[in-house]
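Following this line, the structures themselves.
One chain, subunit A, appears in both complexes that follow, with subunit B as partner in the first and subunit C in the second.
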Partner chain A sequence: MKLDYFSKKRWTGVIFLAVFIVLSIWVASYTRFDLSRGLGSFVKAFNWTISSFYPDSASLVRLPAILIKLRETIFMAIASTTIASVFALFFALSGSKVTQVNSFLSIVSRGIASFSRNIPVVAWAMILLFSFGQSSLTGFLALFVATFGFLTRAFIESIDEVGHEPVEALKASGGNYFHIVFQAVLPMSLSQIISWILYMIETNIRSATLLGILTGTGIGFLFDLYYKTFNYHAASLVVVVIVIAVFFIEFLSNYIRRLIL
Partner chain B sequence: MQIQESIYHLWINSTKDKSVDLLAKYNERKPFNKTSFAIKITLIALLILTIYSFYTFDYKNLIIIDAVKDTLINMRTMFFGASLRNFTILEGIRQVSFTLGIAFLATLTGGISAFFLGLLAAQNLSTKLVSNVVKGFVSFVRAVPTVLWVLIFAVSIGLGSTAAVVGLTFHSFGYLLKAFSESFEELDHGVIEALTACGANWWQIVFQAVVPSSLSYLLAWTFIRFEINFVEAVAVGAAAGAGGIGFELFMASARYFNIREVGAITFLILAVAIILELTSSRIKTKFIK
Partner chain C sequence: MNPLLTINSLKKQYDEETVALNGVSFSVHEGEFVSIIGPSGAGKSTLLRCINRIIDATEGEILFDGLNVGNQNKGQLRKLRTKIGMIFQHYNLVNRLSVIENVLHGRLGYKNTFNGSLGLFTAQEKKQAFQIIEILGLEKQAYKRCDQLSGGQKQRVGIARALIQEPRMMLCDEPIASLDPNASKIIMDHLKNITTQMGITCLVNLHQVNVALKYSDRIIGIKHGLKVYDGPPKSITKNQIYDIYESEAGELILELKDQNEA
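Moving on to the complex of A and B:
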């Protein structure tokens, strides 16, 4: 009996693995992915990095211009996250099962959030590009919509974690909806909410770089420009600047997180 | 009697002193809550930075009201009048599966590399030094945006699916390594000790104790990453010309200016993304937490 169990388990494992391997090979051939070329690319990319992808003294002249564009990208990330979190908070309050006004409104706000979250930020940017053109607002709005959708879901989870007990306690002692929200739900979930906002700012700096390539703004545009004109030294300087900026912001948000959580 | 009285006075005085002392202490140092202070400062800083951002934005003489109106009209045309012109729905589905394929392969390569390096990053299976070195490397990998990884690799092997998969692998690796090493660390220390006492070597500990106890976590996290990778693959297709539905989206929007086609492609992506999200949130509630 026991032997049977183990052999059965082993056979399921083997069959699962076999199906998986066949699927992987099929997908690789379908997408024309070449594993040996992929592995070889690491050596090539490493050699290329050493030979030509490093900031040289000539590229350092461009540092002020790069820093100005970096500022634009970082501000785009921060502004879109902050504004999105305000909207997301309202939608999360009406969407969460703990604080919902009624179930219809809850479904509507969850639906809007899901819609804006599941259309990728790239698609939003391509939609907004039609009328907002190559201005900072295209990236800002695209990030805003996607961040709003994501943060609504995250905030709903944080608010749900507070649970029904404090809400019931306040209701029993005669608290109205605003008492419940401002005295129980928000104070108890605020550190989580801020932690999510900080996480989203970090993510959005990378997304803003991507959007910059598409919409011609910020540091992404500058990288694309240097990259397409084969000015790899300047392009590598852009990468270095982004890495330093992301490290700095990660350090700062980890510090804040340690204080509040 | 006298003794009792003096003791009583002493007691009264001492309690009085104490209460005065406490009150004085309270008055001189009001309870300072570090957490709420940090929260306030963070919120105020974000607010100021946001307001300042709007001053520094490059508006390029944009009339915002008109642009908003235009966008709303465009969105109506896009979503209610979606149609394909440059390719058929079958071709669209093929492009979506191409993107899904890229995401699948990147998750696979990222997952395999994250598994082995995750073992080195887990503090109960590795030394502190090795763990910190691996984690430091990962935070560097994560700091560079995905699309830049793709473009960097595209220089040496050319744009296409291989560069896209390799580029996407980096962030999948970074993300999964964190998730994997944390679930490895959850293993009870006693289990490792017991196996070591029985004379098991490192690989035996890994494959007899660590992997069986964390397998469902690993698979759940891998699927969640697959969901993220689909979105990333769309983005890379658009921004780095790596093909798939993302590239079609970019062509429809930035080259052909065909709003209806953008709408149709958006619907296709939305459908896949919602299916993936529903699946992964079901997996999440079942296996994680």
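Moving on to the complex of A and C:
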């Protein structure tokens, strides 16, 4: 019987591997994927990148314009995150088991949060494009909705971690709901909450540049514009600026995190 | 003299199968030090939490200082809770705040929403907090964050937080269950002093039978949600203790004086 157990386990592995290989070959032939040509094009792409995708002196003239658009994108990411975090905090307070007002409200706020979280930012942007057209408002709202969902979930977990114990103590000494939230729950979870907000600002700056291509705003639009008008030098300058900005923001938020934790 | 606390046939049922309390009655007089002993899951914690309505009882009546606890509305309940201090096994402090901030939390029952939420305490309250901290020997730790304290120090912060409420009664839920013998003695001595010197009634859940016998004016034994003993520590017999803990004679670590032998 014991031998049976091992051979059965081995056969499961073999069958799984076989299915995996057959599936890969079938999909590759269907899409006419050719590994050698794929790898070969890497070399071509690399050669093209170093020969024409670099900022030259002429493109530097456009730097001020690029920086203005970069600022627009970063500010949009920060604004959508901070405003979403305010809403997320209220929903998290009513959603967390520790601070919920009643279980019905808790389920409703968890439901709204998980609905807005599970639809990706790009899908939200596409949905909102119909109503708001190609404007920064579309990008802002798309980031807002997705961020709100994610942060609500994250905040609920941070608040759950506080636990019932300090809440029980403040209740026993006669404190009301707001006393408990401001004197026990927030002091215990605030550093976690700030950390999540910083993380979301970083993520949203990256998403906002991509969203810009879709909504025709910010630095993403500028990249799209230069790229489609064959102005590769300016387009590459945009990329360089984005990379520097992302690194700088990450450095900054890591520094803040070290201070508060 | 009317008792400070009267409990009449208190019942608490969590769901169809779980009955925590099954009709417990007793009363506690002002200035008494009463210990409740019994095995884990006997309903001791539930009993304490029903008294200040952290848990709502299913049936029965609790009278505290002449007030029916079950009939109080939200505002009245908050006022009533200020008169009952509570101490917990796991201290239940806000660990990221300092000792003095945690002690001042004991004043929240007297505060309106605005002042309490922002932690705006009067100079008088702060002075009082420092006095209590000094009584408990924590003056060096006053500005330390609570997560840097030892277990015994944390429990003393818990006691300080309860004392600043100016309570008439203390509910202590396993106050020394997580402490070493040394810290346990310090905490029990403080609790005893609170009763003898400040006249504050203490109702203490205890696991350590010897400690209960040594410190209490009265022992209440709880088993399966029922009161099985109520009397002075002197007259409790070994067999009664074995009965409460449902164990064979000799299996418990006990030191009883000879007169208590049955």
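By definition in this document, the second predicted complex is superposed on the first by the 219 of 261 C-alpha atoms of A that agree within 3 Å, B and C clash if a C-alpha of one lies under 4 Å from a C-alpha of the other, contacts with A are read in each partner's own complex, and residues count from 1 in each chain.
What we mean here is this: a residue touches a chain if its C-beta (ideal position, glycine included) is under 8 Å from a C-beta of that chain, and two chains touch if they have at least 3 such contacts.
Computed from a predicted structure; not experimentally measured.
When the two complexes are overlaid on subunit A, subunit B and subunit C sit side by side with no clash. Of the two partner chains, neither subunit B nor subunit C is touched by A:Ile50.
By the touch criterion stated above, A:Gly174 is placed in contact with subunit C alone, subunit B being left untouched.
Among subunit B and subunit C, the chain that touches a larger number of residues in subunit A is B.
Touch criterion met: A:Ser114 reaches subunit B, while subunit C stays clear of it. By the touch criterion defined above, A:Ile194 lies against subunit B but remains apart from subunit C after alignment on the C-alpha atoms of chain A. Once chain A of one complex is fitted onto chain A of the other, the partner contacts of A:Gln134 are limited to subunit B, with no touch recorded for subunit C.
Here subunit B and subunit C sit at a least CA-CA distance of 8 Å once the structures share a frame through chain A. Counting contacts as defined above, subunit A residues 191 meet subunit B in one complex and subunit C in the other.
Considering their complex, residues 165-166, 168-176, 178-179, 181-184, 187-188, 191 of subunit A touch subunit C.
Interface of subunit A with subunit B (complex): residues 24, 27-28, 30-34, 37-38, 40-42, 44-45, 47-49, 53, 71-72, 75-76, 78-79, 81-83, 114-115, 117-123, 126-137, 140, 190-191, 194, 197-198, 206-207, 209-210, 213-214, 217, 220, 223, 227, 232, 239, 242-243, 246-247, 250, 256, 259-260.
By the touch criterion stated above, subunit C contacts subunit A in their complex at residues 52, 54, 78-82, 84-86, 88, 90-97, 105-111, 113, 116-119, 158, 161-162, 165, 171.
Those residues of subunit B whose C-beta lies close enough to touch subunit A in the complex are 34-35, 38-39, 42-43, 46-47, 49-50, 52-54, 56-60, 62, 64, 66-68, 70-71, 74-75, 78, 97-98, 101-102, 104-105, 108-109, 139-140, 142-148, 151-153, 155-157, 160-163, 165-166, 231, 234-235, 238-240, 246, 249-250, 252-254, 257, 259, 262, 265-266, 269-270, 273-274, 277.
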